[in-house]
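There are two complexes below, and they share subunit A, which is joined by subunit B in the first and by subunit C in the second.
For the complex of A and B:
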């Protein structure tokens, strides 16, 4: 068959692949071990898992190492890997209050019910680049003992509950329990249920969501104003499945997540001015930036009520692989389409010159 | 359904004792990259697409080893259709040797073990970006076109809900107005590739972008054409022997690309889609490289 004719392109590809592999794997520095990614670059690993929609720290570390630290590349590797796997089971829903907290911040109240836990955070650390090894912590240093926050469970006093008890929250809890929209099996497009919006944002590229939010502050959009955060939580949640024989709940693991509630002041003429509403953000790993943007945009999208393009923007333009893939496809050959465009330029000119 | 069968089969054949083993066994059985459940789902969407020519069917586009925008939709369609006896031809801009064509072809052949070919008459599946081969194709061929933007009306309307309404009601008046305004302003219709066509007198489709040169090939074609848009998660189809009419006016004939008497510097043809090397004499050559080579050899 006509095989030999197709060799030139293949050789170019193989050479490129070889260059990447050799220059990466034969770098004079030590190869980075997977536990160095998960242990020392945990926020990067968390972001890859969040944007992949797959909780798998070791695989995320492998993807980052293979992709030379390119986040989008790592997400692509992980999601493409997931495509080859069937689904064995669906976990039993777990209540967000079952979280084992390692961090909880409640900006809306000085003394909320339950703990305020600053936890592992650089929020109030001076951003000064450490250029020496002098500050590296030594295991014997007693001032840095780890606290036992992981064992802390919140009381049920999440801020939306507190506000509801004070009759300060509009009630739009639904009484039915619809199946969540599965964005990995059905493409989400407007009008979509809230679960489609939330899962799209949970998997979105972090920077895309932050930008969607910031467009409202200094850009052309005005869907939202500055909200008050009710909850910013980071902690561990269990994964439980139903035992195939007994039907009982079995714990098969856990994952970490960031959860945010954003309290919105309702100021629209048609809105209930005596109460607040709340937006929700939730994503894999420790990624407060993303969860806060998500909670803000969730309530903004609800208040917009499909009047504008916000829902479409959130559902269809925030996925990192979609946007980056399409952007980069511009590198592919386009000489057939370009030839056709040139031909039309000549045709328009010919008409203008009266030669037709 | 298929999932349970596969799991049981894996259990019986090799008796895995852990979940990790069970999962491992499943992945090694993957023919054509995707799990069977995914391939069935894509085939169901394709069947719907064939039944409603030109209608954009949503499907659960998977993440592929190629990036979105790089043929991931066409690849999923090919992998959902491929069987062990198929032979695949893959072209990009008409060229079997283009790097993206090579990459997609090796993914198909590596994951299936099927034959590859550059010859249309040896191929059963032809995946292409931006071209239809110059050769005649028949009922034995499935042409799979990679689609970057499946929505033909996006140039005149951005809102997804409004677009759905326009297609549902076949309300294409604004499309006609835009073509009319184009003609009035510019003297010609300036749409270059991806020329909008009415399929089976019902749906307007985006023709991927193939050049206008290729559009007449779609009308009453003997072959089935499947369109895969991975990023936008849609498939659509033009079944064999279906009317495909480029949108134009009674007194404005549809024009394909012309190159003012230019001929291919390699085969001498003036009856193929030619591409140009800028700033050179005798700079034209056929975009379809396999066809060009055969013209020289016969």
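For the complex of A and C:
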């Protein structure tokens, strides 16, 4: 593939950019404040952070505002900004069990050990477009009498532990502790360690991941079947670092994440058919579609064992910035490329017509 | 209270309240001889998660942080806070150094801020759980 640079038209280019800025920033409506994005459009902000791979709510809000609500553009702006920053430290690895749940749904099991918590959800009610302002009832001071045991948060049990206790889960727990693959420093290509796959999917474009999942359920790929969700969770996890002078752990805040366990019914001839296996999904913010697709694809990829192109698809085609960037570059001048194609056609026709 | 617990509270404290208090302590001469060891620097911190199925670590992404190191009358102080607020990071580092030098009991205003921060974190957690626990559901299976 060859490209040739084009030049000229600088005034038109600058004027076009200025039009974007002027019509956006001088729109007669009120400027949207950052806390409106983080408070009222939290799911959008979460997607930008997840697909940028950077937990920075205010910056994600700024990027959305600058990008006029274009999610991919916001991800581009945030990743570009992130690339100008140094990585100053590594947080102490956090175990997923340290999540402080604000939502937990266990579709597989009625009594999964610990309560099911709907949290902030419209999953079980009809969603209709509200065309008028409704009165907001603040029920936050409700004093409903509750079981004493529920006055504090329940223990953090999970469905995979229940399956382990029932001896129904294949044990894939590692005894070593390999350094995780860093996809921001080295491009991940197959065959890649699972940590690269999990990182890639955690940062993938949500729609791309959902599409990969759907291709495998109803589409031509077919590497997924009989999947039941064990856990769908949303919650907060601590960010802890080492104090450089004492070496002790310091909590500097928290981040929110969505976590999913997908239970797979093993039925392969070389698999343990008396047990299940579990795929895992985990991403920044509240993004259940992404985490569900990720968990399903994690176990699909493991079972596939790099026999097909699934791993390559996940590692190399689900990044939103990569795919959108490649697609959008097609708008740039390709005059030389296309002229050479035209010349080849003309040359072929000359040969076909018996001319030189 | 350990130095790590103090640093945690300082990292989670309200930025404006912390800066105002440190500026006030400097203006009154309570805190003096401040030297910048590592100017505030905004960057990222890598975030690793250990997943529960294979007990394997992976990188979920980075978080935006600001870090600073100072010396107060010869005692080193350090702070790291989420976000890009350089002034708040310096204020927290100054507080860390000063408390390391004179002890928490030697600076009651900072002790009060730290105590208040912890109280607010607990209150937020209680408020959140009070709302969420009302959504605990017990599905019934239909025959």
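The rule we apply is simple: the second predicted complex is superposed on the first by the 325 of 356 C-alpha atoms of A that agree within 3 Å, B and C clash if a C-alpha of one lies under 4 Å from a C-alpha of the other, contacts with A are read in each partner's own complex, and residues count from 1 in each chain.
Just so we're on the same page, a contact is a pair of C-beta atoms (placed from the backbone, for glycine too) under 8 Å apart; a residue touches a chain by one contact, two chains touch by 3 or more.
All figures in this text were calculated on a predicted structure; none of them were measured in a lab.
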After superposition on the shared chain, which partner residues are touched by A:85: those of subunit B (first), subunit C (second), both, or neither? both
Residues of subunit A touched by subunit B versus by subunit C: which partner has the larger set? C
Mind working out whether A:167 is in touch with subunit B, subunit C, both or neither, as first, second, both or neither? neither
What is the contact status of A:198 with respect to subunit B (first) and subunit C (second): first, second, both, or neither? second
Who does A:123 touch here: subunit B (first), subunit C (second), both, or neither? neither
After lining up the shared chain so the two structures overlap, which partner does A:353 touch, if you call subunit B first and subunit C second: first, second, both or neither? neither
Touched partner set for A:30, first subunit B, second subunit C, both or neither: neither
What is the contact status of A:270 with respect to subunit B (first) and subunit C (second): first, second, both, or neither? neither
On the A-aligned overlay, A:133 touches which partner chain: subunit B = first, subunit C = second, or both, or neither? neither
Counting contacts the way the document defines them, which residues of subunit A are shared by the two interfaces, the one with subunit B and the one with subunit C? 82, 85-88, 182, 184
Going by the contact rule at the top, pick out the subunit C residues touching subunit A in the complex. 2-4, 7-8, 11-12, 41-65, 67, 69, 76, 78, 80-84, 125, 127-139, 141
Parts of subunit A lying in touch with subunit B, wherever the complex brings them together: 1-3, 5-10, 12-13, 76, 79-80, 82-88, 182, 184-187, 189-191, 306, 309, 312, 316, 321-322, 324-329, 332-337, 339-344, 347-348, 351-352, 356
State the interface residues of subunit B toward subunit A in the complex, per the touch definition above. 3, 6-7, 19, 22-23, 26-27, 30, 33-38, 41, 58-65, 67-70, 72, 87, 92-103, 105-106, 115-119, 122, 129-131, 148, 158-161, 186-188, 190-194, 209-213, 231-234, 255, 257-259, 273-276, 287, 289-290, 293
Of all residues in subunit A, which touch subunit C in the complex? 49-50, 52-56, 58-59, 82, 85-91, 93-97, 100-103, 110, 115-119, 121, 140, 142, 144, 146, 150-153, 158, 160-161, 172-174, 177-184, 194-196, 198-199, 202-203, 237, 239, 241, 243-246, 248-253, 255, 257, 261, 278-280, 282-284
